[in-house]
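One chain, chain A, links the two complexes that follow: it is found with chain B in the first and with chain C in the second.
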Partner chain A sequence: MSKSVIYGLLLSILMVIAPHANHLPAWVSSLCVALLLWRSYLTHSGNPLPKHWLLTLLTFACLGGIAISFHTLFGREAAVTLLILMVALKFMELRTARDVMVLIYLSCFIVITNFFYSQSIPTALYMLATLLAVVTTWIHLYAQNIALKPRLRIATALLLQAIPLTLILFVLFPRIQGPLWGLPQDAFASSGLDDRMSPGSLSRLSLSDAVAFRVSYAGKPPAREQMYWRGPVLWQFDGRTWIPGNTAYSVAPQFTELDQAIDYTVTLEPHNKTWLFMLDMPNKISVPSSLTHDFQVLSKTPVNSRLRYEARSHLVSHANLREANWQIQRALQLPPTLNPKALQLAATWRDNGANDAAVVRSALAYLNQQGFQYTLEPPLLPGANSIDDFLFTSKKGFCEHYASAFVFLMRAAHIPARVVTGYQGGEFNYIGNYYIVRQSDAHAWAEVWLSGQGWVRVDPTAVIAPARVQTNVAAAVPASETAALPFITRMTSNPPAWLSNLRLNWDILGFRWNQWVLGYNTERQFAFLTSLGMENITWQNMSIIMTTGIWLVIGLFALFMLRHLFANQPDKVQAAWLGLCRKLAKSGLPRAAHEGAQDYAARIAAARPELADTIRDLAARYSALRYGAVRDEQAQREFLQRAAALKI
Partner chain B sequence: MSQSLNNVIKQAEQIILGKPQQIRLALTCLLARGHLLIEDLPGVGKTTLAHVLACTLGLQFQRIQFTSDLLPADILGVSVYQRDSEKFEFHPGPIFAQMILADEVNRATPKAQSALLEAMEEQQVTIEGLTRPLPAPFFVIATQNPSYQVGTFPLPESQLDRFLMRIQMGYPDAQAERGLLSGVDRREIISRLTPQMESSELLALQQRVKAVFVSPALLDYVQAILRHTRESARYTHGLSPRAGLALLSAARAWALLDERDTVIPEDVQAVLPGVVNHRLQATGEHQHQSNGTLARELIEAVAIP
Partner chain C sequence: MIDRLKELFRSWLFRQKIESGTIVLSQRRIFIIPTRRGFALAFVLVLMLVGDINYNLSLGYVLTFLLAMMAIMSMLHTFRNLAQLEIRAVRADAVFSGETAQFLLHFNNSSALARYQLCLTAQASGQTPLCFDVPALRDSGIAFPLPATRRGWLALGELKLHTEFPLGLFYAWSYLHFDTRCMVYPKPLPDAPLPFGTRPDGAGKHNIAGDDDFGGLRNYVAGDALPRIAWKAFARGRGLQVKQFITQAGEELWLDIAETPDQNEEAKLARMARWVLDAEAQGLRYGLRLPDGEMPPENGGAHRDECLRRIALFNLPQQAQP
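Moving on to the complex of A and B:
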């Protein structure tokens, strides 16, 4: 085993396991680095490898360490850690070419495990690079006298040759849905809206620039301030936190649309909850789901993989014009003794005998005129009467404060009201013509029930900070606070053109990657194959086509590699001579591959004197025809005849 | 086929008993306008072979005994001041002959060796700024003791390459040796030899060698051989294109000796050991194999396409 092979292998293994350092326990990463360093020192100095008992001891110590760190030896984390440690340990007994092969196979396997943690384009590209390194090392093992550059070239050629096979497998391999084929449930990190809202929960979310979903509209998109993406609806308030309350009511909502429908497609990132976000008010959706009485669209199972759905909504509508009495009661629920000042304020609006709509107007006017501020960092209000403290003392809050206080005031004035959370707005990707809605677009607003109008959306935040609904959070909060916002959210307010182009293009690439590579599921496969003109798509048919395709590709490559065999097709004379040799071979006198015609003839003549003259003559004629200067048709015919006539 | 060439071979075989292969190879070398290196122990007939060839072919013959104190001027010649004409006059050295026997070429210092080798390559010598052509045909047979003998300067690979072939004489077989022991003194016979050929005839034969036809099929074979030496791990480095050219011209000459006007693979195989032995070197594990085995293996490893 040459030293350079070992160094190459060390380098490729280091490349393969480097991304895992992110989530491996620190002791594992340091142990791996230490083992690899130790191995390179031993290689450099030529000292013998460690004793067998020492390695056994180390192995058991590692097993113990994993058991302590993870409390198990199974599952994704523990198994990946175990695999990586075993690879590093295998290095310590690397002696033969077989050991190198084992390590190369293992490192290919570790390359795959990286995808448990990230499936982004950069990860895929990096893994391609590591694969190249591994294959280069592999070639080095068998061809040690090839320099690095040609080795890289061969490895690249090998990987390029694998592309058609990869494509066939990717497109045609039956996507069987089930735990065996999918990634672990926890493969996707999730963050997003919760089904409870308390002061600070949304402002925390607005610090994340993670994508919640992407939307492309079939027609003209609605105005930005109309884009309210409906999520959890919260009814019940305990003075601090809003929760959905009793959800066991299963009467279908009533709905009358009053304007044109808006059709759009949403690609929802996994969030491990059941909400499917749709524009206010939802009408139709293309995936199996249920519509609750308060217009929440719920998926049958938590969304733990990327989900794409087509949907239809109406911006103006009558929702639940007739509401059951006990629902009205739910929408009026208040913690009885808290926030006396707010209760009193609401009562003053009612005192004038104003109707419900006038009360709503008064409340909004109050919020508009009393110097309220929209801020990411409102003061903590730990007191029991947090609404009072907010309305009359601090007057600083984020959307959850305004929604919460507004609904409280409405209920205090005997107007049925509830809190709706979701997302508002989104960033327009003008290159890809779709909207990107991020966690930083999370929002909370209010709905009041007015007789004759049903549930009507009221967004108190829009009164205090219109920029929030017209542009985004960064435009609405004070300039001093924008530094806390995620970079991308800040950039959207006033970015340099090239940067936003770059960013939006990158987002498109990621979008396509998600759609076509990661999101290539049974439906998409079916749709794609149908668009290619394939009929009768079953997994049996796909397997047949796949197998055929693979053999076809391999066959084509084989033909290409063996082309010189066909190029050097023996001509007639040579074919006749080779036939002659085969005849003689059957009689026990085969010609050696390197044996010239005359030498062979001499040998035959010695062994079979009765053939001597004929074979000498034939050999001489063959030599003259094959190596001679003149192409004599007559001589060629004669030779062919005599060769055919030879009887042994 | 030239009758006189047959006579040459016949006459040589009468004197150098039991070595027809070596005689033919030496003639091949001569016809292909190459130079010959004979490597063997003293007393196996190297000098006799050279002498017999020179006499039978009717070539001017010079023998240079290489010693450690031999100087280039001893080979090439010197200018000596002539008192009567009051001028320097050039006295040509022994190199100015048609056939040179450079005996024990590895005994001399590299400086003297290179004087000979340069003359071989250029077919001319330049002394004191004046270029003097060497006679044609010009043929050098160098002999060499195997280099493990004491007090020798082995020729470097680059200079070995100047020789078209390197052959070994080997001990005669029992019958030949018997004839040798019982026969007349060889030197006596050589002195009585009559030339069987004019030097102009030899030049014409050399021209005919160039005209021997080489077919594409044969070139395939030669290329396959070259490729094999370059790809195989058995050799430290593959054969050079020059070695390929040498192989071809030797094969042509061999074909002519065999009275054919086309080269066949057997010709290549016949000359291959002589041509490649001093150009190939086995790698580590095969180093101690004798040269003959190396060439034999090369032949057997390459199929005739």
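Moving on to the complex of A and C:
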């Protein structure tokens, strides 16, 4: 194993592992780097590789480390970590070409595991670069004397030739809808939304630029204040945390006086939950789903791949004008002894003999006028009476705090109320004409049940920070906090035009990439092949076309690669000699098939004595040039000149 | 029955004839199969594909397909690495038994495509392959070593030229069976005095003392007997020199197999080879007498080689003439 093979391998492994660095435990990353550095030192200095027992010890130590870090040896994260550590350790006992092959195959697996975390366009380009490095090293393994440049050239040629073939395979390979077996729980990045909410327990709202879903409206989009995407509905409060409570209830909701229908298409990023997001109130949806009693739309199976659905909602409606009594009771549940000041406050609103609608107005007016602030970095509220602390002491919070406090006050005033979570608003991509809803658009609001109106949405956050609902989070927070916002969210408040265009174009590219590359599934394949004019799409037909296409392209490549080798192109020397033979044949002395140059020359010399010297000389030169071991440019030129000069 | 058919098929597929001149590796001559590493890759790719399907990894599909297609394309590259090479066996210089014969082969690459990591093995022997590169537009000479174990003609036999370049996933090979052979002289005895004075013609008594007359020193050449090396001169730093003993110039010496004291025929021939070398080294005119013919007395390299050749081929009827 030459040193340069080891160094090439080192670079390849580094490139393969590097993207994992930000989700590996710190000790794994540092151990990998240490092992690779150690190996490069050993290679450089020529010292022997570490002893077998030492490596065995290290291996067990790594297993122990993984068990401690992840509390398990199974599951995706632990498996990926284990794979990476095994590669780094295998590198330490690399001796034969077979070990290198094992390492190269394992590297390919690690490259694939990186796609669990990201499948973006930059990731794809990085994969190509990694593959090039790996293949260049691979070639070096089988030809130790080959220089870097031809090695790189052959690797590039292989890669470039494989790309059109891959395209055929990608389009036509019959797609099977996974999963084939149960996925580990941690298989997908989770959403920014949760089905529980504890205002005051987080001192900072975690905001992420990650896209939750994209929406394109069939007609005119609704006003931004109407864009409430419903997620889990939270009923039950224990003084600290809101949870959905009893979800077994399955009475279909009743919507009456529906108006202002909106048709739209949602492309939902996988979040491994069954939630399908729709505008209030949902009417119909194009994928199999169910509608819960609290108007949430749930998929039959967890959304673990990108899902596209068409839906219709009504912006105006009366929802559940008649509500079951025990549902009303659920919507009035409160921890009885906590937050006495809030209970008292609500009671004062009732004391004036006001009706429900007037109480709601009182509450909103209270929030508006008592100096409440919208902030993403509210103080912690660790006390038992967290609602009291918020309403009367800190007065700082974001949507969760306001929704939670408002619903508490409503229930205290005997108005049925509940917390609704989901997304609000979104960013309009005016180039692609669709809305991007990010995790940072996650929101919480309230719903109260008023007799004669049913469930009515009330968003207390809109009272404190109207900009949150009308524009976005960045517009709502005080200027001192904008630095804490993620880049994209910050930029959307006041971007320079060119940057905004660049960003939106990039999002369109990402959208297309998601649709056509990452979201290329059974349905999309079917639709695409149909649009190409293919009929009778079965997996047999696709396989036949795919195989034929592949062999055709390979045949074309073979033609181009081998043509110049097999083409009947006699070299200049031979061409000149054959020309000479033709001339002589015309004068009545054709060369017999079995006759060598010297024999032929002898026969010509006998028949045409005046040519004897010239022809013997030419034959001798021809034999020397054609069969001699050494190439002599000078001699070749002379021969060509003399052969051309011969007159018969 | 099946085995017999297999054998028939193999002998048809790989049918070879012994060739002279130039062999061009045409499509018909090159065979190609996947290696074990190739099958291992196929297995790895299947595992990857199952993972891609299960986790719905679109880029995983892309990577899996890219690797698979690169593997397939590497087959063409492997094939191309051998295609249209022109090979000719040039010569092999005579050696003594026990030495290694070097068969000179010429690989002419008339294409603009460099060929890497070509390996040659002799079909018959289990020696490690001889691997080399053939640069573009170049005629490369390759000396293929073959151990010479017996006197007589050593045929180059069937060679296998193979390559796994570039990825080691496919094994392309071709058989080369040239009619080239190498003359192997018997291994000479380390030391055997020349048979002066034992000539049976009885034509007057010659002074045989010449065998012991010291006639000077000359430079050592391979094959000289060890006891004749002038160790004293060597110790004085004059290099390896050999003591020369003189007899009268023009004197004729007959080397007759009948005069060898040995029992064994191979030992007799080994002694004869020693005699020829010594007689030539001493500048004698010597003739060779074997039961199947005589070589008239003569001196010179060509005569020595012819004598050694006659000795080497003695009693090997199947190899009588080249």
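Heads up, the rule we're going with is that the second predicted complex is superposed on the first by the 380 of 648 C-alpha atoms of A that agree within 3 Å, B and C clash if a C-alpha of one lies under 4 Å from a C-alpha of the other, contacts with A are read in each partner's own complex, and residues count from 1 in each chain.
We take it that a contact is a pair of C-beta atoms (placed from the backbone, for glycine too) under 8 Å apart; a residue touches a chain by one contact, two chains touch by 3 or more.
This is a predicted model, so every value here is computed, not measured.
Of the two partner chains placed by superposition, only chain C is touched by A:Phe109; chain B is not. Of the two partner chains, neither chain B nor chain C is touched by A:His52.
Looking at the shared chain after the overlay, A:Tyr520 reaches chain C, while chain B stays out of its contact range.
In the superposition on chain A, A:Gln119 contacts chain C only, with no contact to chain B.
Of the two partner chains placed by superposition, only chain C is touched by A:Phe170; chain B is not.
In the superposition on chain A, the chain among chain B and chain C reaching more residues of chain A is C. Looking at the shared chain after the overlay, A:Ala624 reaches chain B, while chain C stays out of its contact range. By the touch criterion stated above, A:Lys300 is placed in contact with neither chain B nor chain C. Of the two partner chains placed by the overlay, only chain B lies in contact with A:Ala592; chain C stays clear of it.
Shared interface residues of chain A (contacting chain B in one complex, chain C in the other): 145, 629. Taken in their complex, chain A has these residues touching chain B: 145, 568, 574, 592-599, 623-624, 626-629. Those residues of chain A whose C-beta lies close enough to touch chain C in the complex are 97, 101, 105, 108-109, 111-112, 115-116, 119, 123-124, 127, 131, 135, 138-139, 141-146, 150, 154, 157-159, 161-163, 165-166, 169-170, 173, 176-181, 183, 187, 304-305, 517-521, 550, 554, 557-558, 561-562, 564-566, 571, 629-631.
Residues 27, 37, 40-41, 44, 47-48, 50-70, 72-74, 76-77, 79-80, 83-84, 90, 106, 110-114, 116-117, 133, 137-139, 141, 164-168 of chain C are the ones touching chain A in the complex. Touching chain A in their complex are the following residues of chain B: 213-215, 217-218, 233, 261-266, 269, 299-305.
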